[in-house]
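As written, the chains take the letters A, B, C and D, and residue 1 is the first residue of each chain.
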Amino acid sequence: MEKKIAVYICTGCGIGDALDVDALSNVALKEYKADICKTDAFLCGKDGVAVIKNDIENEGVNTVVVAGCSSRVNADVFNFGPNVIVERANLREQVIWCHPADDEDTQMLAEDYIRMALVKQKNMNLPEPYQVENLSKTIMVVGGGFTGLTAALESAKAGYRTVLVEKEDKLGGYVGKMYKQVPLKPPFTDLEENCIPGLVKAVEEAGVKVYTSATIAKTAGGPGMFDVTINQNGGTVEERVGAIVLATGARPYDASKLAHLGFGQYENVITQSAFEEMVAAGNMEAGKVAFIQCAGSRDQEHLPYCSAACCVESIKQALYVKEKNPEANVYVYYKDIRSNGQYEHFYKKAQQAGVIFIKGDVTAITESDGQLAIEADDKTMGTTSEADEFDLVVLANGMVPTAAFGEMIEEEAEEEAAAAADEPKVVGPTIIKSNMLNLEYRQGPELPELKYGFPDSHYICFPYETRRTGIYAAGVVRAPMDMLSAMEDAAGAALKAVQCVEATAKGEAVHPRSGDMSFPEFNMNRCTQCKRCTEECPFGAINEDEKANPLPNPTRCRRCGTCMGACPERIISFKNYSVPMIGNMVKAIEVPEELDEKPRILVFACENDAMPALDMAGINRLQYNPWVRIIPVRCLGSLNLVWINDAMAKGFDGVLLMGCKHGDDYQCHFMKGSELAEIRLSKISETLNRLGLESERVRATTVNIMDYDKIPAMLDEFAEELEELGPNPMKDFQ
Amino acid sequence: MANKSILVVGGGISGLTAALEAAEVGHEVYIVEKNPYLGGKVTQINQYFPKLCPPNCGLEINFQRIRKNPRINFFTMAEVESISGQEGNFDVTVKLNPRFVNENCTGCGKCTEACPAERANAFNYGLDKTKAVYLPHEFAFPMKYVIDARACKGAECGKCAQVCEYNAIDLNMEPKTINLNVGAIVWATGWDPYDANKLSYYGFGRYDNVITNVMMERMAALNGPTKGKIVRPTDGKEIKSVAFIQCAGSRDENHLKACSSVCCLASLKHATYVREQYPDAEICIYYIDIRARGKYEDFFTKVQEEANITLIKGKAGEVKEDPSTKKLVVIAEDQVAQEVVEKKFDLVVLATGMAPTTAAAKVPAEMAYDEDGFLVSGANTPGIYAAGCVKNPLDVASAVRDATATALKAIQSTVRGQQ
Amino acid sequence: MKYSFYPGCSMEATAQANLKSIEAVASALDIQLEEIPDWNCCGATVVSGVVGDFIQQVMTGRNLAIAEPKGQDVVVGCSSCYLSLAVTNKRFKEDEHFRALANQALAEGGLKYDGTLRVRQFLEVVINDVGFDKVARRVKRPLKGLKVAGYVGCQTVRAIPYEFDDPEYPVLMDRLMEALGATATEFPMKARCCGSSQTIPATDIVIDCARKIFDSAAAGGAQVIVTPCPMCQLNLDAYQQRVNQLHGTSFNMPVLFFTQLMAIAFDLAPDAQALKYNIVSPYEALATYGASK
Amino acid sequence: MEQNNKPVKYDLTFAREIYSLENGSYIKQCMQCGMCAISCATREIMDYSPRQLFNLIKLGKKDEVLQANTMWHCTSCCTCKARCPRGVPLVDVMHDLKKYAIENGYADYPQAAFYKAFWSEVAGRGKVFEGGVTGRYYLIRGLDEVKKAMDMKDVGINMLKHGRLPLLPPKKVKGMGNLKKIIRKAQELQRKEAR
């Protein structure tokens, strides 16, 4: 595309008063030879926008720089369609609102931002979407229990061909074996008939292709083109599917580990599931039953988490006993009754039926003459209490996700690890070989676990965030939950699957860069097979051949640029985001000579959290050091060390990386971006020192969106420390 | 031919999610939001449990998604007036209330400097004031000012209009009505904090040092009325002790019959706010059951270990104020100790629960509600779905999950309507 | 405005001042009260403890059955009676099984109650049906400067919680006092228990409760206490001296029915003010407002 | 509560009896929040808070429950009833427990005598006359109580002086015969219902 570049400088909101606009125009026209440069007092107003539109239509402008407010505002106003590149130079929030008006330093800052925007434009192209041939929009659901059946039905009802794979010979899973189920609708008081038979029928009627007694031998490819090998009855079937819902459920916690509650010792101490089957089979005759909650759950020795469903399930089972025999004596021993939300009504219903709830820790279970006795530390009674003559004691033994069973993936080959022993390395997520999807992914065959084997999302706002694009976990395999939640979760995951196949068809990324049509391209000629990209991709998008050549799978890619940042040979780039693009922006910044005593600090800021925080500092008119020049990056994971070189060589006195929080409660939307950047940084400190450059000149910090009040101090303190170090010795070498 | 577009009523986290998820599948979506900004209740939350991360982070991403997606149309200061038709073809009238600031607003803030009138800041639950022309909050999306007609002195004052260089102030703006035709409707109008004035035994409204959990969020927030400092409202001084009263309204036949699901975790989170600012403050939580379900149990465990809190099993019965010191006495039956305990605190935080907005304002269509007023999804009118906290009391992650699921239900309605 | 009226037993003995002032205030406000013919005791809160709620409610139901043909709202002047009548009425309305059974019993006396009436308190009728404005207009001698502790007590607001005012921090009687020109004082104990019918079997309880109430009223600077409840009035009035003896206090706090204060502000006759029944003399505190013997 | 080390043992027999009382089944829905314990005007002198009493019922501690002063100290102020988050009508439950205690011979408290006196007065006349109730009360309680009453005589004299203790009772209910029939029928129905 032949670029015709136009720069529009808005003088509104005080920009015109604070800055020398003519000088800015000169930068565009004279220094950078922009085709057009215009100023307007109210660029986002109708007339201002009309000027730009007119230039696009009549002057052939196809590349626009808007120098005015932040790209966080007026994005719709300055959107001129898919064929016009628009770049914003933020003169308002990050220049005049946080720096003094009519000031030499402020002016220099503004001019640099114009330069950076122009260079950025020169180095970017309109992305062309990645298109897949033989694309499939089929949704595959793995697991035919309550969640899986629901997910399959929901996606079929949305008009998508759906495939369901179940390892047992019968659909229904854990819920299928239940006598009745907890209420899923108001008034949340009545036991409901088991929904599985109806659900199975509906799934069949909706035309879902069902494979029972089937397991997945292999899942290759990526979204829109997953090639799945299904083993069934000794043979194999191939399905090409677009996206996958993993709904393989959970298993009850191994009760044999609950000997302290009499399991294994006394025949009549049974599990929640055994009780369910007993009632379903019509074999439950007990007149006195105790339910023991948190049998395994909320116990650091067993399952540290709460299994979420057991309280309402036990309430339900207690009601079974009362349904059969209203005179039966039923006791529930609990830590806290967790009948959240409207299940409070269900709890009350059980109380009204006469179920006795005892807040207490069971201290002993004994048996005499076939009847059981329970001793408990009875909290609200303030004493030890005993109850005896139980026919049955039912342990609410919690749940463990099916994804937790199997061997853990070993870390990379020993020798490699040894060779790189002095290099810090990001520890990848744990993957357990649970034999469910058998993904042909370089990073391992299943979804990475988050904690306790649950392949859950780490994000509160984005519960379907997945580290394997196009594969969404749902139901109790994802997190401990009750049936009501699982029902919703199934539909939610189905939506995400549907969304993924639609986006893939258009060549667009899915969350968090949804709609992004760019994707990384590899210049394989220069690849040294170092494996950094294949290891570091947070989404496992890049496979490897035997010679360790990267094999990118663009439909798995989320466009964060981590591979681009990782690559020492700089062979990976996007049409609109590349190592040279940022490098040239660095180089475009004017670095005054040492004698001018105007140091320069380069900031690479994550565009998700740090950039808005910087904007917020401006909105709050917080003043900070005018030596900084800020370059937004997709994610600090995309930080390529050559940019640091460029900056140092150019004479910058310091470089600061502003990324998201990492660690257990990480905030990075690409999982490890900021952490990777810091690790990369640590690798060059030695080099810097060797060059006589203090490694303290380059550092990383974490900023969240609400840290805007700390930004001035953060920058000012860094500047002070740099002053103590003195100017960059490379400054005047260029 | 059915309409494939979807109306989402409510622009909070549930509504935004439902709208974005549907739009990213490829559907045209309209969001109708009654506030002058999108984001709803979560914009007023300081941090989410259990990660203690700022909600603005996720909102920022969601607003980015809106900016980049041409299929999303939104209306702020808008409310649905009527709905007719059926699944696949609903006619909806939407009233657009006057903002008195038009699309010319650049967000420069000159008007606020000129405005002589003040109003109680609803965003901070009345804990401070703004001018009559104000930016709802600094992360407001869209970033446009708005005029509170009840506080504004009107056209004869007109100072804001005089200083605005962009002709953005229109003090004579009138309400407008627009009509939309959509295939499905998602009702995601969320919740209101339960009115703590109704819990007279806790003295809210009479004792200024009794606040609610939502006020605590504002107080702890950097962009809140105290710039993030947790202090005694009566004198702005530091606190040495704080009590959290759980189930203030929830799990109560006289108030909210359901459990509000989030308050236990919210109070545990608030305990971390307090602990961060006051390493030695006494923190007591009065509770019936601590409901930290699923993996939230880890957060409960962590807060117990790290924040050094005292948990008292016993619903707080009463709060009394010492008029001279403004200290508060909380009386409760400590059931483990089997005794009535009276303890003094500088600050009492009521963990008030979630009242669905539909307890007060019904959907203008044939719908069903449960005994607390929560909307029953799709019960009477196919094609109208409830999402998020208007349906169940949910934490944010669950509300987002629910909203995502509901987006699919709405899409199904538009598919069904086509057959 | 016409109503059926249930006076209750105390009006014929300890609370004659209540009856007299209600009747006078009612007529001054154009409220017609028609006494339910041959009414019987509602059983108060006591009878249930001997024979159970059902018997007590059937007895109460007899009064409602007698009143039903007139179709008028039933106004009650005594808080305890109101509790009985209101709760019984609610049960007749809402509990079909109860209604059928109770009517079987009432049939023995040739009666039947379908639960069609509304049971109300005189205080609430004055506030909601007459209104503060009309009351204020009727005032002849505003009680300017008089500091009044509005002691609403228990059953007035808690018989049917939230029906009329906040069950624990009611404010409407204070507003009524303000309509008379008086100042309602800060009074945290305004809806706490006076000890009720423990007067005879456990006087200590009443003394203890009364002490706390006086303390609270005095702390708010009240000159007089007003109440709608005969039991409260009796306990606080008749036992005030006893409280002083046992606790070494020196409370001298007249305790009036709110209607007595209305009668004064309306400048009604001494008989309507019925101040002679007050044990703690109100004359001194109310002298400037025209309280008369 | 029990101070020895032997655990107390759950026995639901007594609980079932209490549940069968007119308002007894409400006890089942108590969720042990303890709101009632704080609400009570006489909590400081109660043996057990209502919550504890309900716990004892659940446990089967008949003697402790029926000998407790809890229900007798209830003043029917309705605070607990208005506040109970589970909607337990505690005042009405207390009525049942009082009735049950009287019927089962656990009625040593002066309040029980007062209650009985009150009921006799109502059953006999259809209306209550304070003088009559007091007389009947002292008949039941005996001389000791009269002595205590003498301590209070100044109160009585004051009331007399102010015309608040008429010596003669008001008129009986005219339809007393019918009222008695109604009560008899109600008692009969009540017995039937209890079964």
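Simple rule for what comes next: a residue touches a chain if its C-beta (ideal position, glycine included) is under 8 Å from a C-beta of that chain, and two chains touch if they have at least 3 such contacts.
Which protein is which chain? UniProt says A = Quinone-modifying oxidoreductase subunit QmoB; C = Heterodisulfide reductase subunit B; D = Quinone-modifying oxidoreductase subunit QmoC.
These numbers were taken from a predicted model, which means no experiment stands behind them.
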{"item": "Chain closest to the assembly centre - both centres taken as Cα means", "value": "B"}
{"item": "Rounded Å distance, subunit B centre to subunit D centre (Cα mean)", "value": "47"}
{"item": "Inter-chain centre distance, subunit A versus subunit D - centres from mean C-alpha coordinates, in Å", "value": "63"}
{"item": "Centre-to-centre distance between subunit C and subunit B (centres being mean Cα positions), rounded to whole Å", "value": "42"}
{"item": "Subunit B: positions in contact with at least two other chains", "value": "201, 251, 254, 335, 338"}
{"item": "Overlap residues in subunit C, where contacts from two or more other chains coincide", "value": "161, 167-168"}
{"item": "Where subunit D touches two or more other chains at once, by residue number", "value": "1, 31-32, 51, 82-83, 86"}
{"item": "Pairs of chains satisfying the touch condition", "value": "A-B, A-D, B-C, B-D, C-D"}
{"item": "For the subunit D and subunit A complex, residues of the former touching the latter", "value": "1-2, 5, 7-10, 12, 19, 25, 28-32, 51, 55, 58-59, 86"}
{"item": "Of all residues in subunit B, those that touch subunit A in their complex", "value": "13, 21, 24-26, 46, 48, 51-63, 65, 67-70, 104, 106-108, 138-139, 142-143, 165-166, 221-223, 251, 257-261, 289-298, 301, 313, 335-338, 368, 370-372, 374, 376, 392-394, 396-398, 400-402, 404-409, 411-412, 415-416"}
{"item": "Complex contact set, residues of subunit A against subunit B", "value": "12-14, 41-42, 44-45, 69, 72-73, 75-76, 79, 154-155, 157-159, 185-188, 297-298, 304-308, 336-345, 359, 379-380, 382, 451-452, 454, 456, 458-464, 479-481, 484-485, 488-492, 494-496, 498-499, 502-503, 510-512, 514-515, 608-609, 612, 616, 619-620, 661, 665, 667, 669, 704-706, 708-709"}
{"item": "Subunit C contact footprint on subunit D (complex, rising order)", "value": "22-23, 41-42, 45, 71, 73, 75-79, 81-83, 91-92, 94-96, 98-99, 102, 109-111, 113-116, 118-119, 122, 126-131, 133-134, 137, 148, 152, 154-155, 158-159, 161-166, 170, 173-175, 178-179, 181-187, 189-190, 193"}
{"item": "Footprint of subunit D on subunit C - complex, ascending", "value": "9-10, 12-16, 38-41, 43-55, 58-59, 62, 80, 83, 101-102, 104-111, 154-155, 158-159, 161, 167-168, 192-193, 195-198, 200-203, 205, 209, 234, 238-239, 241-242, 276-279"}
